[in-house]
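Below are two complexes that have subunit A in common, paired first with subunit B and then with subunit C.
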Partner chain A sequence: MKLARFLLGRIASLVFVLLVVSLLTYAVFVLLPADPAQLACGKPCTPERLQTAREFMQLDHPWFQQWFDFVRGIFTGRTFGTGGAQFTCPAPCLGYSFRLNAPVTELILGRFPVTASIALGAAVLWLLAGVASGVVAALRHGTVIDRGLMVAAITGVSAPSYLVGLLGILLFGFTLDMVPVSGYVPFRESPVDWVWHLVLPWVVLALLNAAIYTRITRGQMLEALSSDYVRTARAKGIGESRVVTRHALRNVAIPITTLFALDLGGLLGGAVITERVFSIAGLGALLMDAVGSTDVPLLVGVTVFTAAIIVAANLAVDVVYSLLDPRVRVGRP
Partner chain B sequence: MDDQSGAPLLRVRDLDISFGSPAVRGASWQLQRGRVTALVGESGSGKSVSAMAVLGLLPGTATVTGSIVFSPDDRPGADSDRTELVGASADTFRAVRGAIFSLVSQEPMGAWNPVLTLGDQVAEAVQAHRGRGHRSPPLDRSDLRSRVHHLFTEAGLRDPARIAGSFPHQLSGGQLQRALIAMALAQDPVAIIADEPTTALDVTVQAEILDVLRRLQAERGTAVLLITHDMGVVADLADDVVVMQQGRVVEHAPVGELFSRPRHPYTVQLLASVPRLEAHHATAAGVSGTAHLSGQTASPADHPPTTDREITEPDLPTVRLEQVGVVHPGRKGAAPVVAADGVDLTISPGEVLGLVGESGSGKSTLAQVIGGLLAPTSGRVLVDGVDLQHATRAQRNGRRRTTGIVFQDPASTLNPRWSVGRSVAEPLRLHTDIDDRARRERVAGLLERVRLDPALAQRFPHELSGGQRQRVAIARAVALRPRLLIADEPTSALDVSVQASVLALLEELQADLGFACLFVSHNLAVVEQVADTVAVMKSGSIVEHGPAARVLQDPRHEYTRALVAAAPVPDPHLQRERREARWAVKA
Partner chain C sequence: MALHHTSLTRRALVLSIPLAGLATALVGCNANNPKPGATSSSAAGSATSAAPASKGGTLRILTSSSAVNWDPAISQSLAITSLGLVQRRLTAWKVGSDGVTKVVPDLATDTGQVSADGKTWTFTLKDGLAFEDGNPITAADVKYSVERSFAPQLSGGLGYHKALLVGASDYSGPYDGKQLASVEAKDDKTLVFHLNSAYGDWPWIVSMPAFSAVPKAKDNVKTYTTTPVATGPYRVSKTVEGTSITLERNEHWDPKTDEARGGGPDSIIFQLGQDATVAAQRLIADSGDDQFAFGASFVPAAQLAQVQTSAAKDRLVTSGPGALAYLAINTQAKGLDDVKVRKAISLAVDRNAYRVAVGGEIAGEFADTLITPGIPGRKQYASLLKDVAPAGDPEQAKKLLAEAKWSGRTLKFAIADDAVSSAKAEAIQQGLKRAGLTVTIVPLADDVLTEATTQGDGSKYDLTLGSWQPDFPSANGNIQPLFASDQIGKGGYNISRYSNPKADELIKKATETTDPKESGALWAQADELINADAPVVPLIYTKNSFLHGSKVVGFAIPAFPAYPNYLTVSVAK
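And now, the complex of A and B:
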């Protein structure tokens, strides 16, 4: 009951945040000098043709009405133009890209599985590698292993992903010829090729975050291992592995999970650099494309979609947090 | 001490423990079967470190030499069963922990894993030495549950099912400490190592916990290694006492002998520094404890605050509280917390008012209200005739100049990045126009006044001891010759010998400067020593208020009586009488 109310409250605030994001995005793009109608009208562009294009794109309305139409379109869909030159954009309509001649929603959904594949695979890798090496470093605190892992972590944090990515392509793609150097194969077509094409991007993307997670896990573990409750657990006479997993790691998992959900949410909005380096057509590439060609409807659509994912990740954090930590558990005194 | 037949349960010989610098030096002592041995000493004496060495729970940076021998059996010829614990393997320690020696530690809140229920954590202790690789099979679910509930009941927890299903943050300190004892009993250990088991608890809860430990020792024959700095606790529970100073054992004697004929000068000093409540001696001389307490039951249990008329009230009191209430709004959904409720209180010029009560009674809240650090929700606060709520900026500033505050923990109330001199000079800089040289001279004078070397002005707080830091805080508080000094548990973080000297300093300053003082403390003996009048606070209300000697020696309110009865006295014989009197009243 309380959980339902909590969730409803969170979802309401989520919707509010998205409205504000879309409003701000609209305001910003109206203030930009670029005129989508000008770009679409082509050459020679007579004032009449420009006016027609404006009306067609509904740019002749005041900007807040454009925004209102955009929001309404998410629920009801929209239609542009009349008669034979009619474009429909079914709900949920995040706008219509006149440049690519397609509804933005369709474009995003075409790219999202690609980005999700990159993000989820990399996330699993960095979480496993980061937490594992963080725990090992903490348990071997002060030894050569600890110091070695910390040096590796600092290197990982410092190395720019485009550099690591290019070096990876050079070494594993060309010199050793082990993996394809670019492109993407959908999972449904061939799971093996899917993995094969993504393994290098995963590793490159995971490297940076794994380094960060190693450092955080190590710090949190050291704190937990010196805590009173771990001493209590040891004083019971239970085995050290149980002390580490059930007592120390269980507590460390709380901040790590929070961080993980937020990082994953951010990445699902597009891994711009990684997609560019490996020539993978994901959301990040779509966004770069939209920026490069001043495709305002596409820009707005992708921005709102990305914001939605990040806000949803925050909601997930709240829910997971309350499941992991009884002190903030919803519906309990 | 070697008059016991057979081998002691634990024999420690020439124990040295070092963390780079030595923490324990050549300590030798024993724990006898079924008896309570107290390791006593001030912070840094090596008592906790010694106890952790028995369990092998010292950090990896510690080097341990010497001998700690555990003998499971005292029959002659059972020598082969002896185990040397210094340098023992991880497996040996694991076998010993929980099953032979279990631990009850100091901070009950921190000792529990915050994300597991108490039931789960106790169940884990029950199963620790069962199952694969052990002699006994693991218990099944229902047996395990009933065993856990039984343990909670044995530790004096009345609602075992609810306790088992609770997370640590849902329970009180006293409940958590009882549950820790339950967990310590889970494997029927030969001895419990209790490391300051009651230090974090209120005095009435402390008395209950000590009762539980005593009962277990009597009923189960469990030996207890008690680590404490509180001589009252020692007198209440211990059979044998080991006094430690700077890592060395200076005296090792049965409790009666130690208190009546202390041999080592340090023991004498330690016993002399413990503030004693006169009321206890009044009980011993003449009126027997039982009669004294049972006589009180005739008076109504919850009569309104008894305020003695004999407190003389001059025209303008330094502090006057009229119907002061403080309500902290509860977090969303939670009930608001009433920290003070209709409090009327006055402090006359030059009067030292001791405000006593248990944690959460609202005494610190009241101190903050009087200090102008917290606005009351209702009522009026008049300091020197100025209504704090409606004071002008200048009036408030003036009031700050004439109010000095000393807090509990000097380590966190002195800016760690400021030199001592700068901290003491700050009020002078803010409220006076004197030049740098004059200010330096004043600071030097103030430091001398609190018995510190003026050269310490250049030092930083971390270079000072706890007692020195509190002296600095006092110097800062009296820098502007305040008319009112608020001292909130000023000696609670200090060792007992340091506490005695800080209290003496406060008394001396008060006599010289003549300020009125609000002295907040949970320690009745300390309050009796410094206060002219005493106000007793419970759940946000003053339940009794009067001259110190009257309130503490002839308490009229039931709650004050309970507080006085629960405070342990550093005298084993007297403490036993008082304990029996307390039980008689309960029964």
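And now, the complex of A and C:
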């Protein structure tokens, strides 16, 4: 019961946050001097034709009304134009991309599985690699293994993903010819090709992200291992592996979970650079494309969707947190 | 295709396959140029037939674009690129063995019969033409295609016809049941166009996407973008949004009726959203399917250097000198209305430094006139910069400035806020400094820049950069948009805000002349007249470089446009 109330409250605040995000996004894009109607004006572009395009795209309305139409469209859908050639955007309508001639929701849903494939695969890899190497470094504190892992971690944190991606493509794609250098195959079409095309992006992303997890795990682990409760556990004669996994690691899991959910949420909103380098058409590529072509409806739609995922990830953190740590369990005063 | 600022380029990249640059064959002076038209070692089709060098196989096209919009009303695609594979128009572009692009009949039996006053053009459709579903193509289908280009839902395409057809300014498309009377389908085969004024280049205008055929019964504004009804050698068989488009052979296309298209490969796959660097690396590596591929994007500068020293050198095709890159001087700005000051700026510019900034010799040839090379009628004449060293003549510039009593005010140089534009602008800024001219570079977001230069009173800039390749190979498409006074501040590309009644008169006369030889001479006159007023400083004629795989044959770049002719590319077995 308490949990239900907690969740309802959180969802209400989530909706509020999204409304504010969409309002700000709208204001930013509309107040910018960019004119999306220029895109649809054709060549040569006359002032009359520009005005027609503006009216059709409903850009001649004041910006707050445009925002209101946007929000309403999420619930009721929208139509553009009249007569025999309407563009319809069924609910939940996150806007209509006139450039790609498609509802933004449709575009996002088409791209999301691609981005999710990259993000989830990479996340599993970096979580396993990061936590494992962090624990090893902590247990072998001060040894060559520890130093080696820390140097690798610093390199990983500081390496630009664009460079690592390109080097990966050069080495594994061209020189060794082991993996395809670009593209994406849906899981449904061929699970093997799906993995094959994603292995390199996964590894590249995991390499960069795992480093942070290594450092955090190591730091937290060292702290936990020197804490009173671990000493007590050892004094009670509990085996070292049990001390590490049940007592120390469980405490380490709390900050790691927070970080992980937020990282994953961010990545689900589009792995912009990775998608670009590997020529994979995910949400990040869609966003870049929208930026490059002043496709404002698409920009707003993707931004709001991404915000929704991050907010949802935050909610997930709160829930998981309370499960992991009885001290912050919901409903406690 | 206008390359006016990067913004337009970028938009064009999205609307269609990119179309930029230009090629060899200086029509007026090709004595030094025995092999006009750049082609790879595997030669293009012969002059009289579009028969492919090889039949069958799958051709792959790697492009950075994320989509191809197949709707003929929305596309700005050139006649010889993507849309040309799927949709035929009234006329088409055919590249001769001399590299010169000519307008040839496509759906029509000829390139149009013109009335004595030059205002009425009549076309007759060929016999036996059919859509991909087997239904015959009629004059009504072409009329409908032109009409739908006026619908606000379908704006964004090449719209040169919109200002020319009678009654078109009040017309908003066929979807509310109205027709455009000036496009007349007399019977199933005969089409008549009624124009506001004589227009000699109308045969080129009807080679644009809007003049293809769209069957009314199959028209759906929402899906035509991805699934058009094909009339050309290929139909769109599969689209994976953002990833790939597959074209398969259209069995109802009859090669005997088509002199522009080869129809070599059995299928063509566009790989979308390709990173230009990675795509170039793949083409250099030339392994697997990439042997059957070519890149639709220019080879990036870093790979260009890499290719020149590698085995892939033979598979790099660089166009001849093409699109004119220029420095526009705002002729309405204070002090710049003095032709002496503008000439001083022209002399002070260091064209060599500019070319170094954009990649050196392979990036283009020095320019001193306005009409793009490869365009009929182009003439080399004694222009201001003809005998001036590429590095400029700052001493002479100083003298002119002193004569003009130049105020010495700081010039605002508006450019797009990207690295390439900055490098170009700095090269020019330093050149002008040698003559004592001070320039502040003002980087602006693409849209803001477009608005500042093409709309309003132009008070926000003194100098700006432009690059222009006409949408059709007539000097008309070159001179009129950039220098006619009615193209100032209303969305047109006269960004030097040049207004000269004499030039306007000459432009009008040349536009209305229907004999290509006569009009060519008039355009050359206009070039000389306008250039003498120095509203722009011609910098270079840009060259474009493309890579293709080892099994691609017939990959050629015509004299115009400096872009590969997709219609005649095929793959070896």
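Definition applied: the second predicted complex is superposed on the first by the 325 of 333 C-alpha atoms of A that agree within 3 Å, B and C clash if a C-alpha of one lies under 4 Å from a C-alpha of the other, contacts with A are read in each partner's own complex, and residues count from 1 in each chain.
One rule holds for everything that comes next: a contact is a pair of C-beta atoms (placed from the backbone, for glycine too) under 8 Å apart; a residue touches a chain by one contact, two chains touch by 3 or more.
As the structure is a computational prediction, the values presented were derived from the model and not from experiment.
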item	value
Touching partner for A:A312 - first (subunit B), second (subunit C), both, neither	neither
Which superposed partner A:I273 touches (first subunit B, second subunit C, both, neither)	neither
Partner chain(s) touched by A:L7 [first = subunit B, second = subunit C, both, neither]	neither
Which superposed partner A:N251 touches (first subunit B, second subunit C, both, neither)	first
Which superposed partner A:V71 touches (first subunit B, second subunit C, both, neither)	neither
First, second, both or neither for A:S227, with subunit B first and subunit C second	first
First (subunit B), second (subunit C), both or neither touched by A:I238	first
If touched residues of subunit A are counted for subunit B and for subunit C, the larger one	C
Common interface residues of subunit A - those touching subunit B in one complex and subunit C in the other	none
Contact footprint of subunit B on subunit A as seen in their complex	226-229, 231-240, 242, 246-247, 250-251, 254, 324-327, 333
Subunit A - residues contacting subunit C, complex	32-35, 38-50, 52-53, 55-56, 80-85, 87-88, 98-102, 107, 110-111, 166, 169-170, 174, 177, 181-184, 276-281, 285-286, 289, 292-294
Residues on subunit C engaged by subunit A in the complex (per definition of touch)	2, 10-11, 13-15, 66-67, 69, 71, 74, 76, 151-160, 162-163, 169, 172-173, 175-177, 221-222, 225-226, 240-243, 271-275, 277-279, 281-282, 285, 287, 445-448, 450-451, 454-455, 471, 481, 487, 490-493
Subunit A partner contacts - residues on subunit B that touch it in the complex	55, 57, 59, 90, 94-99, 102-103, 105, 107, 110-117, 121, 124-125, 128-129, 167, 169-170, 180, 183, 186-187, 334
